[in-house]
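The two complexes that follow have chain A in common; it is paired with chain B in the first and with chain C in the second.
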Partner chain A sequence: MGLTLVTGEPLRESQQDPKKEDEMPPISRGFRGRHRDDASSDRVPPGQYVTEDFPVLSAGPTPHTRLEQWDFSITGEVDNPHRWSWEEFRALPTEAVTVDIHCVTKWSKLDSVWEGVSVDTLLEGIETSGEYALPFCDGGYTTNLPLEDLTGGKAWVAFAYDGEPLEPEHGGPARLLVPHLYFWKSAKWVRGMRLAVTNEPGFWETNGYHIYGDPWKEQRYWGD
Partner chain B sequence: MEGAAVLGRLNWLEAEVVEIRPETSQTKTIGFEVPGWPGHRAGQHVDVRLTAEDGYQAERTYSIASAVDDSRIELTVERLDDGEVSPYLTDELRPGDTIELRGPVGGYFVWDPHAQGTVFLVGGGSGVVPLMAMARQRAAEGSKIPTRLLYSARTWDDVIYRDELTRLAAGDAGLDLVYTLTRAQPPGWEGYGRRVDLELLAEVAPAPAVLAVAFVCGPTPFVEAVASGLVQLGHVPARVKTERFGPTGG
Partner chain C sequence: MDALMLDGNAAAGLLQEIFGSEMTTAVGTCHACGTAGEVGGVFLYRGAGLVFRCPQCDAVLMKIVVGGTRRWIDLRGLRALELDLELGT
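Let's turn to the complex of A and B:
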């Protein structure tokens, strides 16, 4: 990821921190920690810990959208905007996926089981000059991703979790699922996406969180 | 959108423990001296990183409890008996110890000194921490913004910052305190004695016409109940800002 995307200017590295990157962090006296078992450690990105729960992160109240009023649309830099009603959306081919998810608030959940429509399926036959997708949601939430992070079997619009319809607090009726990026990119209550030529920071991205959000590079905040 | 909260890179800073104060049987406030601290806004949080001798590291997020004060910040940590990080912070840390932290993080759940109308703070358990930062910041600024804090705790002894809150409210007609104690109430208790429900919210929440913004923080079920209750009572969802403390009781 080009770090120039973050601010458009070179990193002002070590502005607050005179330490060198490779210096050993100070030992926390008496801290031993609950060590990871070896089997899962290569699946847990730096700074994350594994939880069995499914915690919730949202900036506001949970919207409750009735299915009759739900639709999903693809707009912006496209020849023709596309729109699916809930029925039309659910008539599309679906995929079941088992993936690890990583939230920027530090928890990771291994082997979570989802069902959804691949974003490849939604984009089929759509011509675009856009290189970025800006998903939009009930409640006004937005996020931003390079389109190539949504295609090639890497992302879904998920409507079921663990064999059950997706609960509103976890983003139901449908949320984006982009497991290779921090989970805030997997926008809850998603209602569509605008394709754009430029990368426009979404909600958390405007509020201090990283423009791209790769958990393996620990891209949590601006400048990471 | 709120103003830019984080400028440039957030580096790990060394934070020296300078003070430890018990708040309740389960919570302690830890004061740190953080050379290079860039300052913060009330409501923001930090990431804390611990490193074991063999290099193993654990990170968690904690709200800043203190108002803005140079290079000093305070965190208030609730001990989860089987947790990895919180028992270390509450039981093991001593003045003079150093840990790493970075921040401030979050540009959304923050006190706005220019809010128009009444600000409604709703905290469940340790969810009161960032709200306390707001109440302290408000007092430090001498702000007149009408502010009501609804605080849900299990018992009177579980109320964090009890004396300071009483003091702040006593000297200030613009700050209202409403408690609800969900497990047990002391004799002669005149506050609420149940979990926050729609009826309680209807009685305590400012009317939609006067509400500037509501900040709701605590375990997920608490936040869900309060935030959706406020929406049912006619509040605009965009004025209801939430922060969930993740796995904690959630």
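Let's turn to the complex of A and C:
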């Protein structure tokens, strides 16, 4: 997947024009995008480009957890922690969804097709005083969301993409899918979530990225 | 070896911009395992921002987020970062 390294020179050059700089991260993956002109503007949030590709961004090495060692748990502010083995998880009712996804690095992908277990299904019968969730993952990644953004048919734990098992580089065996927020909230390699009374910032939210991340309000960074 | 992995040298320009010095030859010590090595040789991943990881134990050494004219730098994973200003010019 041709990585294009753009180091110091272009970045210094772009500093003269903050807008241009914002469009050129220090290291470009060179994926192809097009402006929103040819996609309906009610589908593409401000500042985003539509891509046909599915770029891979990763904060760390790709884990390869064996399914027999995989589980998903809900912990924290619950009466009893819940845990599903892979077999138990896959026995839960599933949903097929077609959604648009929006990465904070400015690409959007329309009509992506997923299959997963609704977070509503996972939370069935769980009593909690927590109003926030901190999904956690293989590799140590975390992110934070209000629980109400994970319920009401808005979020899934997805195990298939485009009719195939989710590839490890895209978060397989399972990733969170929360399409109405920037895609860093859709944590890859998710293994569970801790429910909490307070909104504790996750891996990126502690270091510059927005605590909520609504793409329609361009909530990319602190203070946006 | 992960296909998506780069090394610290790929971020040389950004690091120089932030620290005002050539940083790939600076020596960082991992807070988690104590391994010391040149910043240019650590593992670098690009997620929503840049993540520098220890080549020995994969722990996060440093995170950098670039947002317009702002930069956020998380150095919690470094026990020490040694710069030689004579080298870093």
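The criterion applied here is as follows: the second predicted complex is superposed on the first by the 185 of 224 C-alpha atoms of A that agree within 3 Å, B and C clash if a C-alpha of one lies under 4 Å from a C-alpha of the other, contacts with A are read in each partner's own complex, and residues count from 1 in each chain.
Criterion: contacts are C-beta pairs under 8 Å (C-beta built on N, C-alpha and C of every residue); 3 or more make two chains touch, one makes a residue touch a chain.
This structure is a prediction, so every number in the text was calculated from the model and none was measured.
Of the two partner chains placed by superposition, only chain B is touched by A:Lys106; chain C is not. Look at A:Tyr221: by the touch rule set out above, it reaches both chain B and chain C. In the superposed model, A:Ser58 makes contact with both chain B and chain C.
By the touch criterion stated above, A:Glu167 is placed in contact with neither chain B nor chain C.
Touch criterion met: A:Gly208 reaches chain B and chain C at once.
In the superposition on chain A, the chain among chain B and chain C reaching more residues of chain A is B.
By the touch criterion stated above, A:Trp184 is placed in contact with chain C alone, chain B being left untouched. Of the two partner chains, chain B is the only one that A:Gly47 touches; chain C does not reach it.
According to the touch criterion, the shared surface of chain A, contacted by chain B in one complex and chain C in the other, consists of residues 7, 11-12, 15, 25-27, 29, 56-62, 103, 105, 140, 169, 206-208, 220-222.
Residues of chain C touching chain A in their complex: 2-6, 9-14, 16-17, 43, 45-51, 53, 58, 60, 63, 65-74.
Residues 1, 3, 5, 7-12, 15, 18, 21-22, 25-27, 29, 56-62, 103-105, 140, 169, 182, 184, 204, 206-209, 220-222 of chain A touch chain C in their complex.
The residues of chain A lying in touch with chain B in their complex are 7, 11-17, 19, 25-35, 46-49, 51, 53, 55-64, 103, 105-107, 139-140, 169, 203, 206-208, 220-224. Put simply, chain B touches chain A in their complex at residues 1-2, 4-14, 36, 38, 47, 49-53, 56-61, 84, 88, 92, 97-100, 105-109, 220, 223-224, 227-228, 230-231, 237-238, 240-242, 244, 246-247, 250.
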